[in-house]
Every structure is written in C-alpha cells, then in structure tokens.
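Next, two complexes with chain A in common: one pairs it with chain B, the other with chain C.
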Partner chain A sequence: MISVHVHYLDPHRSLDSPVHALDARVKFILTVAFILTVSLTPYAAWPVFILLLAAVLSVEILSRLGLGYVQRRASLALPFVLAALPLAFSVEGTNLFTMRLGAWTQTASLEGLERFLSVGFKSWLSIQAAIVLTSSTSFPDLLRAMRAVRLPRLLVAMFGLMWRYLFVLADEALRLMRARAARSGRPGPRADSRPMPSFAWRARVAGGMAGSLFLRAFNRSDRIYGAMLSRCYDGEVRSLPLSSLSPSGWLTLAGGFSLLILLLSLGVLFWG
Partner chain B sequence: MHHSIDVRHLFFSYPDGHPALEDVTFRVAPGEKVALVGPNGAGKSTLLLHLNGILTGPGELIICGHTLSPATLGPIRAAVGMVFQDPDDQLFSPTVLEDVAFGPIYMGLSESQVRERVRTALASVGMSGQESRVSHHLSNGEKKRVAIASVLAMEPEVLVLDEPTAGLDPRGRRNLINLLRALPQTMLVSSHDLQMVAELLPRTILLDRGRVISDGSTAALLADPHLLEAHGLEAL
Partner chain C sequence: MHFQMAPMHIPDGFLSTLVSLGLWALSLVAVGFSLRQVGRQLDQRQVPLMGVLAAAVFAGQMLNFAVAGGTSGHLLGAALATILIGPWAAVVVMTTVVSIQALVFQDGGLLSLGANLFNMAIIGTTVAYFVYTSIRKLAAEKPWGLFVGGVAAAWASIVAAAFACALELALSGTSPANIAVPTMGGIHMLIGVGEALITFGALAFLHTARRDLFRHDPKAFSPGALAYLFGLGFALLLAILSPIASASPDGLEWVAAQNGYLDAIREPIYQLIPDYLFPGISNRALATVAAGITGTLLVFGAAVGVAYLHRTKSPNS
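Coming up: the complex of A and B.
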C-alpha cells in the first residue's frame, strides 16, 4: 500500500481510443451539457433516462476504459445518493407503506419514491460522464479546456497549482507516515501482548502530522511564489494562446448538442 | 563595462530580528563562475534571494547594470536566472512546456518567440521533445534539468543556482556538472559539494553567520583545511 510516490491519485488512463483522441474542449463542453441535460430532464422520464444511459454507456465502450472500471468508480458516489432518501417520505401522493420509529410515523409515497429513484439515477448518469471525462483527458488538457470556455483564469490557475502540488503534498504525507511507522516498533518478543496505543494517542499523532503538513505546505507556497516572482510573475495569469478547434471537433460538438437537445425536448414534452 | 553582480554593504535581518546577512560586499565579473560555500544557516540562500529582489535589505545591489529598486525589478529578474534547490518549488505548472514557457511569456515575448525559446532551452539541457510531460512524472535529475531550462528560456545574463547537485545520484550529478560546464553564463552557485566546486568554479566566496569570511581562488581555499574546518566544511 505504501508506495514511494503517489501516482494513483491521477485518474487519467492513457489509451488509444476515439474518446481519448477527441479535443479536450469538446469533451469538457459535452460533459457539462450532458450533466445539465440529465439534471433538467423531468422526474420519472424513464425512457429518456434509458436513452441517456445508452449514450453514456456507448461513450464508455468507445473509450475502451471498460464498463467495470467506470462502474467501480461510479459506485463511490452511491452513499451520496442517500441524501435524497427523505424525498421518498416527504412528497405527498399515493401512499405506499408506513414506517413506525417509536412515536415517529413516516409514510412513503409512490411519487416520492419515483423522485428518489430519479435523483439516484441522475447522479449515477452524471458521475459516469464525469469519470469518462477525467479518465480519458489528461489534467493539463482539462485545464486548457476550462480556459477555452472562459472560466476565470485565476480559478483555472488555482486548479492547476492544486493538482500539481496535491501529489507533492501526498508524497510528503507518505514520508511522514513512513517515519511514524519506522518509530512505532515494539521491542521484545512478547511485545504483541502490549495493548494497542489509545485512540487519543493516535489522534494526537495524526493531529501533529496534519499540522506539520500544513506548515510544510505553507512554507512551500512561499518558495513557489518566490520562484514565480523570479520569472517575472506580476500577479496577472497569462499563458500561451490556444489553437483553434478543428472542423471535426466542431462537428462532434454540434452532433452531441443536437442529441442532448432532442433528448431533453422529449423529456420535457412528455413528462414535463 | 558593468559587473554582472555588484553587492555593496548588504544587511538583512529576518522579521524575528535574527540577523542573516551582515555587511556583505562582493563583485562578480561577466562570465565569471563563482561558488558560494558555508555551513547550513550561513545565509547563502538568503543572499541568493536578494540578487533578484525577492528579499530586500539595506545596502546597494547593482545587477547587470541596474541598481536594484522596485522600478528595475523587471529587467533584473529577466537578467538573473534563479534555479531553486527543490525543483518541485520551481516547476509549478502542469506540464514541462508551460513551465519552460512561463518566464518568456511574462517577459512579454510573442508566441512564436516563446516556442522558439522553449525549444532551444530544452535542447540545451538534453530534454528535447519532452514538452508535454507532466512535471510530477519526471525523475529528480530530469526535474533539475527542466528547472534549469525554465530559467535558460529567459536567456539570463547570470545564472544563480542553489545547491544544484543536492539529491542527485552520481550519474545525475555528473550530467548536471557537464551541463553547467557547457553554459556560458555568469554563475553564482551555492553548494556543499566541494568536489563540484573544485571542478567547475575557479573562485569561491566563503560565507558564515552572514559575513564574507574569504573570497578568492577555489584552489587556495581548498588548500586551507583549518579555514574550512573552522566554518563547518570538510577538506577534500
């Protein structure tokens, strides 16, 4: 588990696929548009949800990432769906069943359950799109895409710095943990009989490590700023201009938009 | 003709009052290669950070003909290429291209000039064609090279390096020494690596407790084990 360097934080999988080859700007815009479409589609528009799922699954297959890989990562978002559970009980409608928790009675309705399932399905669709985007696009390309859609430059620069130093910081945390492990030896053959260190002791050590990481990060930020100043940084974020989008990129963008608008209109017309 | 570096009566104290530099005076002629040695805490890094105005203290600094002041920071920073000890501090951009292009972009060069500078700088450190690599996937030696390329791209008159061989394996160190030997710039190199100093830098300034203890030929300093030992250094 403890490796020398931290690379596993980077979700990008370098593969040879049409999705990987697509311009990052097209992927970024279409992913955001997909998530918007998913969230604007009315509740319980199941046929539209199925079509949206078909769309995202096709892209997953095209990307050669493997459905298993994407679904495993998507399952990380499952616990968050539980936040929508109260919907099943708070929306008025046809009664399904009643739960009694002591003096507290809760009635689930069919409409409420539909809403809860819709929210769950929508989050599942959105997270899959985001996973395909981040796994098929390198982070520097993603940053360029964010610049291309005119996200504030300072914000993009901050994302870039955070991503760059996340790895450095994680490496430092690993080194601290190794140093702690190296000093947590138990002397003597019967050392196993010694009780585990108390929770309070471990919490104190973890707190110390967090503080030390914070101080190191703080000092490093000072040195980085010095390095930026040394190379004539003047507080304004500048970068090389981006190349223009290719005709095939525009075509993919237009195709993707048409499909999403069609699906959204279907949903709004029949279930809105 | 001006001196590349002309430091006169420089003082500096840290905010907690702890004095770091006391009456430091020296000059470096164009093309000269000078080592800065001394024990930890002698003030070497602090002195280097004054050379392009990252830190400022009472005293006069004339760098490449410009007297250091807020108005001259731009030209001075373009003239002094500062290579920091930890390349992770210097390589703050997501990719090698963006890191090496950073200086030229901020110098206000056109896109084609920036790309040309990046190409030349990476070629001179033997990292051609590595533009799209991600900084944290580079080895330590490669990071050091890219860090040097990122200042060479600014075509500085003076190169200032802080502990360039620290953390490198013997081969990485050898490659770096060969690279530094091939560079024509005026150089001020802070280091504990006296072997590299002996090989590369004919003049050495010995700094201890913020003061210049000796300033002269490297050979003469290395021939004086008493002086070296008195200031936390070890004779070769």
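Coming up: the complex of A and C.
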C-alpha cells in the first residue's frame, strides 16, 4: 500500500556506537579501500574471503545496527547474481555435472562454479561494507567526507541539494500516486472494482504524472533560487572549511589500511 | 516497496578491477568536462534547478505502472532530463542521481559506480541527445519532432546503456558476451518501450502546460555539438560492437586478444597488468602491487584533473 511519508527512505540509523562516532572521512576511505581489496582478491581465495567477512561482520556487530538489518538490505543485490551464473558452465575445467535442457546440454566445471561463487561472495562482502557506511553516517557527514577526498565542489553541492529536496519531491510523487489510485480503476477482488484501463493509457498517465512532477520541480527551483538570492547568493557555492583529522582518526585509518594490505597480500601470495 | 532494483545498476564484485578503474577514469573526465561546460554557460539559476531536478528524477522513478504479470515499468529519466535542460546539465543531474543511488541506497556498487555512471549518466544522456537532436532537425520545428524525437531518444538511451553494461560484464569475464548481450539487450528493448511511453506522456503534458520549455533555439545547438558527436560515436560503437560480440562466439575475447588484454580477463583477477608490461618485476606479488598503484594513480590523476578543470573556470561569466 502507498504510505503517506517517505522519511524511512533515509537509511541512517542514529545509534550510540564506536562505528557511528568514527570520523566520516575515515569510514568513507576505509569502505572504499575495503571494496577495492575485495575486488583485487583472487578468485577462490576462500580463507581470505572468510577473514574479510569476519572483518565486516565485526564492524557490523560493533555498530549495533543488527546483523538482521544489514543482511536484509544486502539481499537487494542478490538478483544480479544471475548475470554471473553462466560462468559456472562457460569456464573449462574439471567436469562436475551435466545439465540437459531439451536439446541444450551444458557442463558445469569446478573452476567455473568456484568463480561464480567468488563473484557472488565478493558482491555480498562489498554491499555489507557500503550498508554499514550509509547506516552509521549521516548524509551531511558523508558530504563532508566527499569534499575531503576532493570531489568537485559543485558536484558535492548538487548531492546536498538533491538530498535536501529528495524527500519533498518523493512526497509529491506519493501524492500523485494516491491521486491516481483514487481516480483510476485497478483489478481487485471486489465485484464493483472497475476494469483495468489499457496498457497504453496506464503508461500515458504515469508519463503525465512524471511531467507534472518535473514541472513542480522547475517551479520549486525558481522559488529556491529566489530564496537563495535573498540570502546573498552570487553564483558561487561556498562551504565551511574542514576540520583536521584527530589522532585517533589517523590511527584507525592506519590500522584499517594495514589490515587490508595484509589480507590482500595473503590472498595474492597464496592463491594468486 | 517503492524502491526496485533496476537490472542495470551493477553491484560491486561483478566487474574486474581493471574495467572498474578504467571506467571510473573515463567517467571522472566526462563528468568533470560536463561540470566545466555547465559552469561556462553559467546561468546562476541552474544550480538549484539541477539539484531539484535530480531529486525529481529520483522521485520520478517511484512512479511505476503495472505492465503485466506482477512486473512494473518505471522511468529512468535520462532522456527527459536531456530534452529539458540540455546534455551537459543532464550529465550532472544523472551523475547525482546514480551516485546517490549507489552511495545511500546500495543500488549499484561503489567501485562499479564508475561503470554505472558511464552507462546511465554519460552514454544514456549523449545517445539520447544525439537521437533527439537529429530527429528534431529532421522535423524542422514541427511539433511531431518533439514527440517522435523524445520517444526514440528514451528508447535508445535505455538500450544503449544496457548494451554497454553487457559489454562491460563480458569484458570483465563475468558473463560471456554471447549470453549477456542478447539477454540484457532483449530485456531492455522491452523496458525501453515503457520508458518511451512514459517520456511521451511527460512530454505531452509539458507541451500543453509549459510550451516555452521547448522553444527551439538555433544557437543552442552549437554548445552541444561535442555531445552530439559523442552520442553519435557511442551509438555507432555499441551498434557495431554488440552484434559482433554476441554473434561470433568469443567475439569480444577476440578483440581483447588483439589488444593483449586476454590475460587480464582469463587469468586470475589480481593480474591487472600482464607481467610483460613490467619487465623489471618478475615477482607476481610485486607486479600486482605495481599494477594496483598504477590503477590508483590513474584514478587519482583523473580526479586531480577534474578538480583542476573546475578550479580554472572563469568566475565572472
């Protein structure tokens, strides 16, 4: 059913934990480094994968987000694993089993299966790290972290503006959908439900809603521009200077990097 | 749930490190260039407009409509944004949307964000711009050009992005080209129909409500000429490469072999740069580290380039 507000869109969970208290810049850089490490780890380096999983699970427990919450969100990326499924059959190696679908015969190999499982595991590890980052860091802190790694200022300002108005426009979209639900037919169990209109009609109505949403965005941006002008906006995007990183932040950064480099060298030396 | 996983957002783990970093570098350069172009033709109004429009594109993706069998279509919006605000600003808007989707909602990975930006924000936008502008020129100011152009641009942007996505998966050695390209392409040829219909509805509404948004400015073409050429290039490249890659088995691998990339694809993923590229380094582990540093420097260099381009924009315009 269509809910009234979309504030639950924000994945940030405000909790009191060491992970939440950590400087956003440290979290951002370590998350990217972790995902890069996962990507560079050779296929089928299972002990290294397990160690990486242990690392990300420890951070999850430390963050008090709850393993169930993180895993539920992580399941979002699951359908994409299908894209890697042909690997199990296309890579040549030790034959495992042969599948027959009519006239179509496919042989799965051990190497192929290992590669498929590795891709799935890597994807699972990476998404968990990203979930911990966004659930334990508020969006303004994330923006500061992105400025710290020297992303173009205009782009960061754009991210901030989008986030500021995302909830407003998402609410507009929900209102449009509620209006449509109140006015147009849809199939239902009740005898008096009206018949569903044609496909082209439904698509055209959705298009009209999108057009009206864009129009509202245009008009709103005019009002925002007026408000910015009245607060001395001169075309330049300004932001507060960043504070320097605390010693404990540096320490965490160094510790995290050492661990990741250690795990990566382990994987490359023994399974490369 | 309002939030659906679009099949085009590649999560982390599916692209090889080489492909990911390479596409990151390409995307950074393209986005930096677009930011510079937007800054050059700076209408101060554009800053809030792009931010709010990005929010509208994001929220517009919630407007789904039932297709059949429990599936639903929804808008991606690259073509609509391109038509309304031009290619450079549309690249910035789509970059914002795709980045926030990856960063906050895990719709697409962080390391693969470069590839997702390349597919949806850069290829999607430039191909839409090329198709739309060509048809509008052909129609010579007649209103049908707007609708036919918009519909074709919407469909083409989705299909082109899907083909690019499939080719990247194939190049990473994750999905064989002869399976990934027809599957991704086929599904998105259908999804593209939904996108085209919604775009048509949106254009029809806006044409009635705010005709001034579409006033064709003959001068407006020249700043977008570069985008036009890129769009043409991407469209041609994908149109030629995709059938070759899918029709002849291992076609893409053949191309890769010609370029000496075959080892990088077939061998374990750590072997970013084949040994012979680093003749002084015989140890594989060392070669890996060197390759990793090379990739990182590549991305870092691109980032510095972007920052530099942005910094030197003329402040008075």
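One rule holds in what follows: the second predicted complex is superposed on the first by the 229 of 272 C-alpha atoms of A that agree within 3 Å, B and C clash if a C-alpha of one lies under 4 Å from a C-alpha of the other, contacts with A are read in each partner's own complex, and residues count from 1 in each chain.
Simple rule for what comes next: a residue touches a chain if its C-beta (ideal position, glycine included) is under 8 Å from a C-beta of that chain, and two chains touch if they have at least 3 such contacts.
Being a predicted model, the structure only gives us computed values, none of them experimental.
Chemist: Where does A:S198 make contact in the superposed view: on chain B (first), on chain C (second), on both, or on neither?
Modeler: neither
Chemist: Compare chain B and chain C by how many residues of chain A each one touches, and report the one with more.
Modeler: C
Chemist: Please indicate which partner A:R231 is in contact with in the superposed arrangement: first for chain B, second for chain C, both, or neither.
Modeler: In the superposed model, A:R231 contacts chain B only, not chain C.
Chemist: Once chain A of both complexes is superposed, is A:Y43 in touch with chain B (first), chain C (second), both, or neither?
Modeler: Second partner only.
Chemist: So, A:K122: does it touch chain B (first), chain C (second), both, or neither?
Modeler: In the superposition, A:K122 touches chain C alone.
Chemist: One more residue to check, A:R220. First (chain B), second (chain C), both or neither?
Modeler: both
Chemist: Does chain B (first) or chain C (second) touch A:V168, or do both, or does neither?
Modeler: both
Chemist: Check the residue A:M158 against both partner chains and state whether it touches chain B (first), chain C (second), both, or neither.
Modeler: Second partner only.
Chemist: Please indicate which partner A:F139 is in contact with in the superposed arrangement: first for chain B, second for chain C, both, or neither.
Modeler: both
Chemist: Considering only touches as defined above, state whether A:S239 meets chain B (first), chain C (second), both or neither.
Modeler: A:S239: touches chain B, not chain C.
Chemist: If you lay the two complexes on top of each other, which residues of chain A touch chain B in one and chain C in the other?
Modeler: 139, 160-161, 163-165, 168, 220, 224, 228, 233-234
Chemist: Mind pulling up the chain A residues that touch chain B in the complex?
Modeler: Against chain B, the touching part of chain A is residues 5, 7, 138-140, 143, 160-161, 163-165, 167-168, 220, 223-224, 226-234, 238-241.
Chemist: Which stretch or stretches of chain B touch chain A in the complex?
Modeler: 49, 52, 54, 74, 77-78, 80-82, 84, 86, 88-95, 98, 101-103, 105-107, 111, 114-115, 132, 134-137, 150-151, 154
Chemist: Show me the residue ranges of chain A that touch chain C in the complex, using the header's touch definition.
Modeler: Going through chain A, the ones touching chain C are 6, 9-11, 31-32, 35-36, 38-43, 73-74, 76-77, 79-80, 83-84, 86-87, 90, 119-127, 130-131, 134, 139, 142, 149-155, 157-166, 168-170, 172-174, 176-177, 186, 196, 199-200, 202-218, 220-222, 224-225, 228, 233-237, 265, 267-269, 271-272.
Chemist: Okay, in this complex, where on chain C does chain A touch?
Modeler: Residue list for chain C touching chain A: 2-3, 5, 7, 10-17, 20, 31-32, 35, 38-39, 42, 44-45, 47-56, 58-60, 62-68, 73-75, 77, 80, 84, 92-93, 95-97, 99-100, 102-107, 109-111, 169, 173-176, 179-180, 194, 197-206, 209-210, 213, 268-272, 284-285, 288, 292, 303-304, 306-307, 310, 315.
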